[in-house]
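After this come two complexes, each holding chain A, first together with chain B and then together with chain C.
This part shows the complex of A and B:
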């Protein structure tokens, strides 16, 4: 009984009819309205508008009369001869190679930084620098570094008696030069996330395994890796999605060239959107990119769920 | 307890009321119209009346007298880097001193000037007051109804007089007029020319007074000039607009005709079109530095001004490095018109139909194309558009390639001015660069380019 009194006295009972004095609406609607408006205005409406546009032939220059074209844009994009497939292939290579190297470098450095040694703090700070440099600045700096005449890489190769390639102009090297820049820029993210996971690992399990005679490799493979696996999956998810959307770096370094060697899907969308102003076609391509990204997210999240289910089963 | 609840309730009410009032206030400020122009004008006039004239001659006094009524207005212009625009920006500083009209020059990568201007005009936002009017963009800007007709301003006696007949006629027609109506004033007279290093020619036994007369001669001369770290030609071969300009110059030179035939179909699949691509993608890279397959205009101009390359085809607006006092090639350069023909480049200067300061914007355009400004800044690379100045010996003495530029403008062929031109350029850039980098064979690139352009023009109704 006393508890009921406390409840009644200490907390004002909820009144469903409580209304905002100015608008006469239920207060909870008024309170949630700003967030709703922001989400609707910045996410739902543009997405809906883009989906709508993707079924039209809308061209910003206005010479072609507007009409609804159904699935025509999607069909044009998905047919075998579409230029989009070239961009899809470039994007996949860029994302897969980039994220793979980021993961390997990130995990390696995280393992190193997880140990005690002199200068560890400074090394950690140093590793953060690429994350702090604005993408525009880092893109321009790397462009100069790749320069055939004045670039540091060409200089080093010549100093060693070699003949440097045209890093950003040769179709055989351009994509990998861009990937290398992306790896430099994004590996620190991987390091930070994986280092946090490694540091959360209980030392007792490792010590117990070592007492049982497990080798370093066995400890890593059978204890550390399974422990940090959920974090690895999430980190890979973030980086893959980011890599699929990369635009700024490629725009700065190669603008999609030479030819279409580095024209990732976002450059493709930019070119058709802002050079040809074909908004209907571009919207359809954007929606396809969104769907592809969502599918990849689902794939990673499913891996996470399966992994957790397996862990729970083992624990039982 | 009741007092406490009451206090809490009232404090929450106060908070909500205060928040609502703040939001309402912010909304009112955001939605309020800009200060009335009449008030501004009154204030400006009052300030102007109290101001001492800074004009040093009658011409300046005329701009000062007219411009003071818009003192304090801010004019925004999107520009594509420094070069010609940088000189204009400098000239505009004096305009501000005279009139009190401020200018803001928004520096962008050149490719983005078109995007930004088009989006501004398309959205009718009036962000920009004065526009750089590349004539290849003319059609699309007209489609947005974003360009101000200038006839009534030109005829208005309240502004300083302007003699349209003093401009190079072709330049006025191409840079300023659309279907007979005047939308722009000729601002940057331009045609690609052919600078070549006469000292390099002499060193390898070529006649320095005989620049190549055909593109095959360019290739032959280039092979002679290429040795050790020295290259015959500076190719702008990267995936950017200058690759298209170079290809177009070669095509114009070989074919002596424009992009499209009478039926509106592209003519790049002709023998001349295929040969132009062969020269562009095979012969010129042979005599250019290997890195030139990724070069833009700046790298190519720099390579010639440093003496690394002996020849180039180039826009005059970026050739200051060849005649600057500290140039390694000062006094070594000869200038010729490109073999066979050249593309006519250049820009007009126009006023946005959505500008809030149309009169002040027109006055700035007027000032920047005036003979006094063109003459005053010619030594710094101002690209002149007035007939008399091309023939002025004093001006020719300042700028050794001026006469060549005038000759090139006389034989120049213009880009198509239809609405889809920028898209055509994009298609061309993609395939030309693909051919240069061997991603596509030259013939394949030319035919694909022709096919895509034809498809685009059919889609837009230019081909039946």
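This part shows the complex of A and C:
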């Protein structure tokens, strides 16, 4: 229907207002309507529902009569039961350590790849590998490599005369074993994105600085870094929010164990919602996670805005 | 040759060797798990469980034959394909209109609305799982293909819209205006002028949407059921079984890796854009 109507209008003499209307409605609203209807129906409405649930004691199995409990769930989460804070701490360590290593590897390799050398194409292709592997498949292969009896890591450590730990079963190592997998899987993102930023940098500015006698470090700190900073912020934002939502990798490698040493916030929500069926309590935790994610987004976007403002000021 | 020149030469040789070592170690780091995955899928049961691990062995394709003759696995592949393809079609068909609107119109709330999609992209999906679970329960959408397609589409749309928006913005509006003056309608200008120009972008967007749908796990696990088991859910079902059949697991994993590999190879040019919602150009 839509196409017929628009093309009929087109045959009339050119008139901008007519071109921009559809059945008398502003065309842009008609165009975005399908997307926002479905997003509203399946994201915004459920969110409102979750906020409602978070003030109730709703249990999936219905074993306890439904009751409004006010802020009780939030108080349980934030004050009474310390379990969520354990999980928050695990999540923060997972996200911060992971993103830090990804950033170091990312910037380092991007700087290397930004030069011409033999094997450069091969290096770039090698980086694409983890991006192709579905998270579930990469989780499985790492799980096998981490196996304490037949795993290749245990074997290598034994071959070197060491005593291999039970990587995924040892509370001291499990989280870092998971982080290593995450770094393997996600550092290529950092490399490729930062490399794209480096390659967009105009060569003239660097050459001009070198002619003026700037050292390599000065060129990097005063010219390259400010230039790629917005991209760094965007990349860090993406990686941080992705780390916060990690579920499949943890589910597969440790399922939050041993104990709760690798229980990131997504696993925490999953456990309370779909193992203990406490939907009211889980909804409250979800809302808190939502608020935390929003705050992190605001933090990064503010950095971006402040950055741009600073650049504009210096350009004047 | 002067002494300094010799030194410089030696330095550059050393640099080349260092770079070569770096390339090799990076390759080993990123490639080794894949190597392990493929070789494990080709080892016999005895070879898999040998200590120390066998580096040289006679390959067997038995695990692949077993996988392909497992009706549950074939059903999972079929489910994944059907759900992925439909999700991609839905997201593109719905998202393209919105992307065009955001790229070509400045209207009241356009900035806020387009940014609200970014916010939706940033939200952890687990936040929505409880209410959507209850909603799907009452709408009888659990354990249905259409339910999963709907929810995958919702989580794909913010990405699709932003990605396509960035491609639409690359085509100057003057091209479309010229077509209008020649008597073309807005739709004709769009389909005859703009769409052919952004065809690679459309393809890249489709590929990334397909990757997201192919790899999706959380909703497939919790909203799906026996009749909608996707490949990731099927893979996860191996965990928890007492006797883990590594060869078979790795064979299925290898099969699950093939489609994304082909897809990533196809969109190398637009990789960076796809990874950052069009925020960074590659």
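The working rule: the second predicted complex is superposed on the first by the 281 of 316 C-alpha atoms of A that agree within 3 Å, B and C clash if a C-alpha of one lies under 4 Å from a C-alpha of the other, contacts with A are read in each partner's own complex, and residues count from 1 in each chain.
Note that in this section contacts are C-beta pairs under 8 Å (C-beta built on N, C-alpha and C of every residue); 3 or more make two chains touch, one makes a residue touch a chain.
Not measured: the values here are computed from a predicted model.
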Partner chain(s) touched by A:189 [first = chain B, second = chain C, both, neither]: second
Chain B versus chain C as contact partner of A:277, first or second or both or neither: first
Chain A residues touched - chain C or chain B, whichever exceeds: C
Which of chain B and chain C A:87 touches, first, second, both or neither: neither
Which superposed partner A:35 touches (first chain B, second chain C, both, neither): second
Chain B versus chain C as contact partner of A:144, first or second or both or neither: second
Chain B versus chain C as contact partner of A:56, first or second or both or neither: neither
Overlapping contact positions on chain A, where the chain C interface meets the chain B interface: 9, 20, 149, 255, 274
In the complex with chain A, residue positions of chain C that touch it: 16, 19-20, 22-23, 26-27, 29-31, 33-34, 36-37, 40, 48-53, 94-95, 97-98, 100-102, 104-105, 107, 110, 113, 117, 119-120, 122-135, 150-151, 153-154, 157-158, 161, 180-181, 183-188, 214-215, 217-218, 222, 231-232, 235-236, 238-239, 246, 249-250, 253-254, 256-257, 260-261, 264-265, 268, 271-272, 275-276, 279-282
Residue numbers on chain A that touch chain C, as the complex places them: 3, 6-11, 14, 19-20, 26-29, 31-32, 34-36, 38-39, 42-43, 45-47, 49-50, 53, 109, 112, 117-120, 122-123, 126-138, 140-145, 149-150, 152, 155, 158-159, 184, 188-189, 192-193, 196-197, 200, 231, 234-235, 237-238, 241, 244-245, 247-248, 251-252, 255, 265-266, 269-270, 273-274, 279, 282-283, 286-287, 289-290, 293-294, 297
List of chain B residues in touch with chain A within their complex: 1, 5, 13, 16-17, 20, 115, 118, 122, 140, 143-144, 237-240, 289-291, 293-294, 419-420, 422-423, 426, 430, 433-434, 436-440, 459-461
Of all residues in chain A, those that touch chain B in their complex: 9, 12, 20-22, 60-64, 147-149, 166, 168-171, 254-261, 271, 274-277
